[in-house]
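So the structure is just underneath, and the comments pick up after that.
Order of writing sets the labels: A, B and C. Residues in every chain begin at 1.
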Amino acid sequence: MSNKNDSFVVFDRVQKSYDGLSLVVKDLNLHIKKGEFLTMLGPSGSGKTTCLLMLAGFETATHGEILLDGKPINNIPPHKRGIGMVFQNYALFPHMTVGENLSFPLEVRKISKNDREEKVLQALEMVQMTDFINRKPAQLSGGQQQRIALARSLVFNPDLVLMDEPLGALDKQLREHMQYEIKNLHKQLGVTVVYVTHDQSEALTMSDRVAVFNDGQIQQLSTPDGLYERPENAFVAQFIGENNKLTGKVKSVNNSEVTVKTSQNMEIKALKVNCGEVGTNTTLSIRPERIHLNRKYKNKVDATIKQLIYHGDHIRCLIKIDKDNDFIVKIPNSNIKSTLKIGEKIPISWDTMDCHALDA
Amino acid sequence: MKLKSLLIGVASSTLIVSAASAGSITAVSWGGAYTKSQVEAYHKPWTAKTGHQVVSEDYGGGLAEVRSQVEAGNVTWDIVDVELSDAVLGCDEGLFEEIDASMLPAGSDGTPASDDFIPNTITDCAVGNIVWSTIFAYDFEKMPNGPKTMADFFDLENFPGKRGLRRGPKPNLEMALMADGVPADYVYIVLSTEEGVDRAFAKLDTIKDSVVWWEAGAQPPQLLADGEVVMTTAYNGRIFNAVAAEGKPFTIVWDGQVYDIDLWAIPKGAPNKDLAMEFMVFSTETEQLAAQASWISYGPVRQSSAALVSSYHNQPDLKMAPHMPTDPKNFTNAIQNNFAWWADNQDELNERFNAWLAN
Amino acid sequence: MPSLNLNSMDTSVETLKTADGTPLKKKLQQSLFRNKLRAFGLVSPLLIFLLFLFVLPIALLLWQGVYDPRFSNLMPETSNILEDWDGVSEPTEDMYAALVVDLVNAKKNKTIGKVATRVNRELSGTRSLFTSTARKASKLKAPYKKSLKKVKKKWVEIETWQAMKVASNVYTVGFVAAALDYKLNADGTITRQEEDRRIHIKLFIRTLEISLIVTLASLLLGYPIAYLMASLPLRTSNLLLILVLLPFWTSLLVRTTAWIAMLQGEGVMNDLFVVFGFAEDDDRFSLIYNKTGVLIAMTHILLPFMVLPIYSVMKTISPSYVRAAKSLGATNWTAFWRVYVPQTIPGVGAGAILVFILAIGYYITPALVGGQDGQMISNFIDFHMRKSLNWNLAAAMGLVLLVIILFLFWIYDRVVGIDNMKLG
């Protein structure tokens, strides 16, 4: 999918170490296309922010090369890279008004006063904040500051905008609203966005592609639905969305189907995704919504209901399937709710295609 | 010592009990080697004799503290070592208790006190104890052919280098005139005219750019030791102390010395006035004054003491007599500080001196 | 728009009542009053302490700069009659008679010394005139003009009477005028002091100049240190902070004396200069006992007062601001100057004010190392407090200094804003 020629940003075997003892980023290869919205997703300490800082120029790569528009940028200082950036705490200059904040990148680029005013107004219109041009950042709410930070990172028409957990400080409702707006702006302007977050729902709803980071490596680079539907390893399956897992040994392999024997001697048929040969350990992953309360599918188990939690549109049901393992099942809120009782034995089943055999 | 004086202060100010029964007085003096000489020669013998304690406190001279204590009606000092000018000024302003001179005993040789004390050392409010002098000194290791006269002090050509002088007109104006050739006896007569003052300042002008000004008595020996100045005016006891106690190679030039006396005075309303009087009488007896002279080279004000003055307290070879301002060899060209003249003119001359210094 | 909302809310609040029927506003005030009372109770010990041991003594002392009842209290008759005298005409026999009455009383009450001291400040040489005449005053007979003239000729000179007239003013601008190198005359006019006696204006200017240079020097030296400390990891910066505070652990006197050892003619600095050939051995630099010495020693002593406020402000500035500026295209210098420095202004303001105010009142250091051109106004206030005992003039100089400082505060408030100051 990634031809080097149409890649706008390229990480080529990039490594980063702060202390000379351990690598924070291990052999990173990543190609980002022009106009793409790419999210770096991962738990804290996974190396995603370091990658962003290297791209922005605030950290240097210990090894490897970063290319921007085909040119290596390792030795270009941050202010010459022409990359817009939105910071977690917005980093609006507190001593300047909104207008001055927006005008700052234009001033340092020696753009004439008239053009500056025009561009500042345009950028403010873009985020619907024209009325606030003379306010100081401290006089704005968190969401308003966020919009100004966004406008400031875009006002000088950069081809690439980096966002470092920009919505982390906002409440849930505002965050969802801003996700929508950022996505809209991205579509409107066609700018390339590299977005860092640890919030998987944010990553899934906004991105063209998501790079899941863990332990200094990209675990999977894929579209949002690809990540959810076809996780390539146990970490991704566990990290993205809710997941039920079972561990066991591969008993037999038949083309794309494997038979796995669990620790409780249960035999389960699963889709072969990322598991080893016969006899190796494997982790099975099944999404909660793919488990059915009947015996229609290939893998059938008898389970006991341990807990029921009312969630409005669905009911979360914690069930015990054997001595070692509990599953979460999401049951759509229909009449069936009233019939379920804690301690009740119920049959469950799931399809082979919904059960992925992954690495141990 | 501090705790003790604090306790005594608390006791005397809060308890109604007569402070005299505490058997303690606060004696205030100039500190350093001088206070030590008083502690050795006055305080310790008095305590040994009477059992009363003496708490020693330091101050920097002047009447400011006495005045604020008396005016606030909160006197904590019992007896103060003051210069003659302050003794008279303070007496005029009612800051000191009056003294009955008949209390003073005759000298050890039988001379009545009125004859034994050298003239002008007993005033209405104070009794003298020592004669001290402002002289100038130099380091003979650095200047083997050192200055001999006051004129040499102002001679930058033959004796180049910085000079140390006390910041203030007194006694620089007198010394300037003597250096300019005015005989000691005529110094104040000349100074009493406008032209005389101008002449003194003009003489000071000739060395103004080479002067390091000092204020505290401890500074000049230090300036000399540091090589910051090649010669400096100083109090003779300080230079003597640097030589005798610290082995510094300093030489005193006695020519043109301006001597003065220090006196004991009792602030008006002193908490232990009667004890302080007793102490004043005791410490100005012949023996005590003579004993003090073995600790510092300031001359006793009683003539009868001279016979008892021998050598430095821990150096039997170091005879004290040649180091006294009053020794005949040192006394050939000397004047006594004229406090009355200064009392009239110091406001004016301080002002003029400060302006002269700043311009 | 929001203000409109508030207004409408206000009107509705007025009619609101609490459950027991008292108006809400009244109830609120009651509860607030209790809080205020509590707050006042908590600060009142300090307030009383400051009032009696700080504000009151200072006010009383400064009051002496314009209030001097000594002469008129001690010489009441003379003062009364001098009030009607025009200050130029020949003194009358009544005036002489009043003078003799007062002199007799002053001698009796032992207050003649105070009178003499006061008049002597106006006219040199009158101290002995008063003390010696007072001794004979009780024997003087009318006509008093003649008999006083016989005692001392100075009594018939008009300058003596003019000096007494000036001294008899209870409320006087004389001392403030003297603090500004002016002179109050007997006829109430104020004239400039003779040129070779002018000193105070020069001293005030020198004091401001030294304070300003010390402030600027400690800013130039302190800002980079504070910046370094703020950008280092906490452990290292704490170590540096201790080094910055180290001078506070020794007494001011010791530090000043240490500078004497460093800077004097045969001192460490000059020895180094000679070793490295910057100076000849017999022509060393004068680094101490002059203004240079004062500037060096004071800058060193006051430096921590500049570093600490700046450091504490810098510590709160997130590094993302400078990063943001750079990502927006600013060079290192522009990011520092346009984005970082403005945010440190509150610390710089606090540090500068602190150092400047401390410097303006500094007196131990200039007294020890100032020599003749490094003396500051506080040294002269001290001189008049302790040596010449002219407390009125000292108070007047203090008053002028206070006015200057308040004026500078006002300027600062207009230019930078006093609320834009942060100590941490």
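Going forward, a contact is a pair of C-beta atoms (placed from the backbone, for glycine too) under 8 Å apart; a residue touches a chain by one contact, two chains touch by 3 or more.
Keep in mind that this is a model prediction, so the values were computed, not measured.
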Arrangement of touching chains [line / ring / star / complete / other]: line
Chain pair with the higher count of C-beta pairs in contact (A-C, B-C): B-C
Chain A and chain B, separation of their C-alpha mean positions in angstrom: 89
Separation of chain B from chain C, taking each centre as the mean of its C-alpha atoms, in whole Å: 33
Length of the line joining the C-alpha centres of chain A and chain C, rounded to whole Å: 64
Chain B-touching residues of chain C, taken from the complex the two chains share: 109-114, 116-117, 120-121, 124-128, 131, 196-199, 202-203, 260-261, 264-267, 288-289, 367, 371-373, 375, 380, 383, 385-390
Chain A to chain C touching residues, read off their complex: 56-58, 77-85, 87-89, 91, 93-95, 104-105, 108-109, 152-153, 156, 162
Parts of chain C lying in touch with chain A, wherever the complex brings them together: 318, 320-321, 323-332, 334-335, 338-339, 342-343, 345
Chain C contact footprint on chain B (complex, rising order): 60, 62-64, 67, 89-94, 162, 168, 208, 211-213, 215, 226-228, 340, 343-352, 354-359
